[in-house]
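What follows is a structure written as structure tokens; I'll ask about it next.
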Amino acid sequence: MTRGTWTPDTLIARYDEVRSHTERLAAPLSPEDQTVQSMPDVSPTKWHRAHVTWFFETFVLADHEPGFAPFQDQYWFLFNSYYEAVGPRYARAARGVISRPGAHDVGIYRGNVDARVRDLVSTLDHGALEKLTSTIELGFHHEQQHQELLLMDIKHVLSLNPLQPVYGGAPSAPTEPDRLGWVDVEGGLVEIGHRGAGFSFDNELPEHQVYLEPYRLADRLVTNGEWLAFMADGGYRRADLWLSDGWARVQSEGWRAPFYWVEADGVWLEHTLHGTWPVDPGLPVGHVSHYEADAYAAWAGKRLPTEAEWEHGVRAAGGDVTGNLADLETYHPRAAGPATGRLRQAYGDCWEWTSSAYLPYPGFHPADGAIGEYNGKFMSGQMVLRGGCALTPAGHTRPSYRNFFPPGSRWALSGVRLADGGAPTGGVAR
Amino acid sequence: MTRGTWTPDTLIARYDEVRSHTERLAAPLSPEDQTVQSMPDVSPTKWHRAHVTWFFETFVLADHEPGFAPFQDQYWFLFNSYYEAVGPRYARAARGVISRPGAHDVGIYRGNVDARVRDLVSTLDHGALEKLTSTIELGFHHEQQHQELLLMDIKHVLSLNPLQPVYGGAPSAPTEPDRLGWVDVEGGLVEIGHRGAGFSFDNELPEHQVYLEPYRLADRLVTNGEWLAFMADGGYRRADLWLSDGWARVQSEGWRAPFYWVEADGVWLEHTLHGTWPVDPGLPVGHVSHYEADAYAAWAGKRLPTEAEWEHGVRAAGGDVTGNLADLETYHPRAAGPATGRLRQAYGDCWEWTSSAYLPYPGFHPADGAIGEYNGKFMSGQMVLRGGCALTPAGHTRPSYRNFFPPGSRWALSGVRLADGGAPTGGVAR
Amino acid sequence: MTRGTWTPDTLIARYDEVRSHTERLAAPLSPEDQTVQSMPDVSPTKWHRAHVTWFFETFVLADHEPGFAPFQDQYWFLFNSYYEAVGPRYARAARGVISRPGAHDVGIYRGNVDARVRDLVSTLDHGALEKLTSTIELGFHHEQQHQELLLMDIKHVLSLNPLQPVYGGAPSAPTEPDRLGWVDVEGGLVEIGHRGAGFSFDNELPEHQVYLEPYRLADRLVTNGEWLAFMADGGYRRADLWLSDGWARVQSEGWRAPFYWVEADGVWLEHTLHGTWPVDPGLPVGHVSHYEADAYAAWAGKRLPTEAEWEHGVRAAGGDVTGNLADLETYHPRAAGPATGRLRQAYGDCWEWTSSAYLPYPGFHPADGAIGEYNGKFMSGQMVLRGGCALTPAGHTRPSYRNFFPPGSRWALSGVRLADGGAPTGGVAR
Amino acid sequence: MTRGTWTPDTLIARYDEVRSHTERLAAPLSPEDQTVQSMPDVSPTKWHRAHVTWFFETFVLADHEPGFAPFQDQYWFLFNSYYEAVGPRYARAARGVISRPGAHDVGIYRGNVDARVRDLVSTLDHGALEKLTSTIELGFHHEQQHQELLLMDIKHVLSLNPLQPVYGGAPSAPTEPDRLGWVDVEGGLVEIGHRGAGFSFDNELPEHQVYLEPYRLADRLVTNGEWLAFMADGGYRRADLWLSDGWARVQSEGWRAPFYWVEADGVWLEHTLHGTWPVDPGLPVGHVSHYEADAYAAWAGKRLPTEAEWEHGVRAAGGDVTGNLADLETYHPRAAGPATGRLRQAYGDCWEWTSSAYLPYPGFHPADGAIGEYNGKFMSGQMVLRGGCALTPAGHTRPSYRNFFPPGSRWALSGVRLADGGAPTGGVAR
């Protein structure tokens, strides 16, 4: 999955950079904050910190460190997320009942593994290191995924607390919704998937051909203001706009607004990592499910793009790739800014739901061994999201990146970009 | 959705043919048999008989019959399956608690609507009839779908009864599994979707281009004998073969064999519509979920075909279309017979799971009005099956037909055809 | 449990009487009606008819009939209700998925067992018969219990049907609520439990002493009119009136009126066995849970009687025992009629919730063998009801009879008689 | 509920004593330990610490402190356990998702309320104080109940952790089971309930007469060794020994030993607050449900005592009241010690299940206002336990004390004392 060029020094430097970023993200959180699992999808902060460490211990140290022994036998069991091949594992939904190791103990575990990884990298001969590098690099990207999850998860934990705790960041100045523009894209037989020497996950491979009719993509994400119009027009009450499964969820879970919106005295507020604030109509809507995204598109007389349309469109029409929000530590999408004729907000604001189910590319082959469980076994019952979001760490996005969640999932920072022409048009008459 | 040519006489003749076939299928069933709903997916026989009647009453008579009034106000509510636009409807999972109207009363309802439809067709002027024909034709195909469901559903009802009741048919002579052959198919930019003047559902449209790498398809379905080998090799105990969602179901529901198989004194028996019999190794395996089909393919080092590969393959390599089993009233798949160099068992034995999620074709547009709810709103969380099965009524299959079920579904008569090359290869290392 | 005197002739005559009454009750019901199980607590009519037959086959014929063989092996399994000692049994909640044996087949089963029981009774010698008589007599009372349940259960089945089917009976003329009077009862050390030579269940034994403070009992049941006043005063919205478990049910199940009441255009209607009719304020309220009965008593500043108070009160103050409603085939409680200074409506209208948990009497000892499972093992989590109801067959009531249901149960025909003084007074301040 | 004599000084001294004991119990626990809710019945340690503080703030300060304002508005909502009259409250089952206030913040809250209560008591005039004293005293006993719960709850939390954390205490030297003796008790018309000037809860009142047949009580609790014999004899596999509800739980939850027992390599170990140790056959069995206690008694051919028998027996035959284990900080039952002719282990080892449902005493009247919700509304669906346990704080036990839990509850430290004669004898034939 990797074709990068690393020396022991650059590998250790990058290792330290990635690892310390995790600790920086956890720093504002108390031991109690780090312990809570607010729903089965969410993991405690200290679990994230320990699990990414377990990944290096299991896949890097275990097979290569001379005289390897686990730091703590039970951690092997506690911090395995889903790798069946590695042995039995602790039940996901019960991560919140494990008070020990505490946040401080996890820090000690991290320090121990860090020292051992540095040692190993420094002492391996060239050939051995070359073989190990791709796993270490996978560990970097794995930890970055958990950095994003750590923020999504703690957002949920804090949102449930009536004391309205603040994690960090600050609200931006109120904005006005910008006019939506469209970018036309020629279709044809196009190349999709990861290309070149850089890192990718196995699910982005192999590069392959897909035939596309001509289409167009909205040049920015759907805004809160537009979403309020959808709500005002009965968007959550009109069965005709919804997929059947989506409509069932609207009713069983009482959806009437995006996940973190709450109504107080007739005003819509939004839980954010910087507290609970009035909804800003100029910012992109976030924390909507695929079902909601699809219903909105039907209401707007448009559709969601396929993942191939998204990827080809970003490559062809130019994505706005500068400035990951994660660097800004705002932890929230920003306004689109003035139109540029290119695709705005393609990476740093909200993950973008596509109309594509998460399935293997033609010729896909998972990696050998336990690492092969990384992606392939989840190719069922999920939809692809593309781009990135304001919680994604810098350097973790690329045009071929395939994120995925079940269509009813709302706690991820997921938003909507519309498409039109060419591929499926649901129209109002769902 | 239709482009057929009908006269009032041929329309009425076909109407009578379709309608009487439903009654013929229900004839062996007692009033009690027709009342039971054995799980939420299953509907009582008398509900099927009434619902297909309601379809004609609602979509044909209501808007066109002079002085229309419903046969019974409450039937309007009781026999609406899922059409939100038609008004509130009775809860699906509680169809089995409605003892009245009884089986005999449903017959009276059917007779009443039949007479009124015949009257209407006989008296409409040419222009009006032309507009109505496509809805009536849709009603035929709708009723045929329920004929198949009626048999799948009563199979489940009777299978739960310790008295082991027989619906009909008889076991075939025991057979030996035939050697599996492969049919090579050239890929390229191919046409997929319904073409020509005949009837199709809206989800088979529009015809469109898809790019395929070269591939090959197994020339027959996976057999019970092969499935027993999969089981003997730990197929239901090896997590590495399974999609994550599938493995969770294996464990939560204790799957260890196809849906209707039961072990007695070390011998595997199978509930069928002709009673409970030892599993015949030469017959196609049926009543397996998509998860099981996918795990089997991984075990075999092969994969499932995409729906485009299936459709193009059947067209290019020649499907074995003769002899729908429904005509034979065996109600069970048959053995493959000798190899022919073409694709055997393509229509009349088991619906074939593909690796494609059920999604709209590029440019898909559902019909206007309530009829638009027929297909489009279900395009979420389901997988496509192709072909047909031994319970499918004669004349109801075609290359472009898209059946669909959730990936964990097992009560449909669904089986497995392997593919290889070109598109995704899961291999053993899931 | 019995001390009656029977000859073969009187035993057979009574047998025929009891058995034919069951068939009379089932006669108005179609095969479909007899098949439905509308919730786990409810059993299909044909199951009741078969189960009481199984009881005679299992406990009378199996051990005494020369060359005994079951009528049908699987019936042994299908129609065992809860006797662990008799072997495995079919799952209670799935009785509604068994379409066969059908209603007609059950009739054949009944006829077969009836003939064999008559034969056995006619041919046994005196000593053997004497030993068997108490089991046969238990079978009579067991079947009577199921006669009552059959009516309660079919009431529920038909109530769910939007066609509002009628079982039988007819509404009585509207009545006005009668003024509530009180009957004073002296306390002291009193005798409780079954006495004398007649039949009783084991749970009514042994007769024993209980100390009671002086108390008084309402001379009639709480009426629908009084219940409407309770509702109008926020009875279902005031947590302070309710037991904690009861309040949880009010909220989780949305209780706002008795079980069979439905509001239509501001008027309260009630599902009855003679159809859906406006609530009659003069009739006793029925189908309320223990929680509701207790909350009503708290609202009224009174309390429910203990079972000892009820039994002693009925004996001391004179129960109104004439005229079981079952004889009248009204299938519904009647109005109290003019005050008499005695306890009105003590047997034939609604089972009366007491404040006593269903527990063994001091010195209680269940019968030996499987019959010992009849009562004792249910002495947990249930409350005692006393008296009888309009669905109880004639001759099935007595002062010491202990009926029991979980406190949240509402589908039984259960009502409320208030008590005051002596024992616990909840008052408004629950 | 109190008739004690207090001065401001003795009241403050006792207040400080009770309050500081809570903090002493929490001291060994990390912030993470104090945050976890391992199941809905369990509350986080920091919640217990805050809730008992809320009790004083709500029922003592709110109505009497001049210029009262809550320490923190949201605490009012977060730390209300179940008092409907005080306003809305936070969902019990979600106490574990609230990370803030943290353990340290709760300490600040406690200090603030402590200072204010001391101030109030010091400054109130004599008459006002007299009225308030009974509420303050109730607060002491309320906090003591939570001290016991805090230990029961953290025992559960730590037991789930594969790291096997230790709270405190140490295992005692292994012991041999002592021979079981019996203490005969005369029956008759006896007085039950709280008497005299000391504190009691409202549910222990009023004192009243109950008639008892002569009976006898085991002179010690059932031991682990005896329980192992019950298990070896198929105790958890014989339906005939169990109440129907109990047998259903055995099967649905897979019970095969007491709650905290785990089998490892054929040896039974027990989770305790001092770690996981082999089961000591001489110690009393603990953490068994009422269902298990009842099944054990049936197996032993004995029965459980009624609560009246227990209370009268302890008074008549002399309970062994010296030495609450809580003082010893062993946190675990001890061996019975040599027979004395009196009832051993009556208070300090395991709460003792009785055969009595938790119901109001004759003439019971809950207190006015929100405090009236303390006991009365829970008188449904629970069984009475008597005595006390090794986690009960010193000074919190008395003969009339009525503890209560649902019959399936196992996480409380509950054990078994057998009775015989007089009252109900289940015998083997349940």
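Just so it is clear, A, B, C and D label the chains in written order, and each chain counts residues from 1 on its own.
By our rule, a contact is a pair of C-beta atoms (placed from the backbone, for glycine too) under 8 Å apart; a residue touches a chain by one contact, two chains touch by 3 or more.
In this text the structure is predicted, and so the values were computed from the model without any measurement.
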Mutual neighbours - chains that touch chain A and chain B alike
none
Within the chain touch network, how many edges lie on the shortest path between chain A and chain C?
2
Chain B to chain C, mean C-alpha position gap in Å, rounds to 47
Centroid distance [mean C-alpha coordinates] between chain D and chain B, Å
59
Taking each chain's centre as the mean position of its Cα atoms, how many Å separate chain C from chain D?
37
Among chain B residues, those touching two or more other chains are none
Are the chains arranged, by touching, as a line, ring, star, complete graph, or other?
ring
Please give all chain pairs that are in touch with each other.
A-B, A-D, B-C, C-D
How about chain B: which of its residues touch chain C in the complex?
30-38, 46, 72, 74, 77-78, 90, 94, 96-103, 157-158, 160-163, 165
Spell out the residues on chain D that touch chain C in their complex, using ranges where they run on.
82, 84-85, 189, 208-211, 213, 239-240, 242-247, 290-291, 294, 355-357, 359-369, 372-373, 376-381, 407, 422-427, 429-430
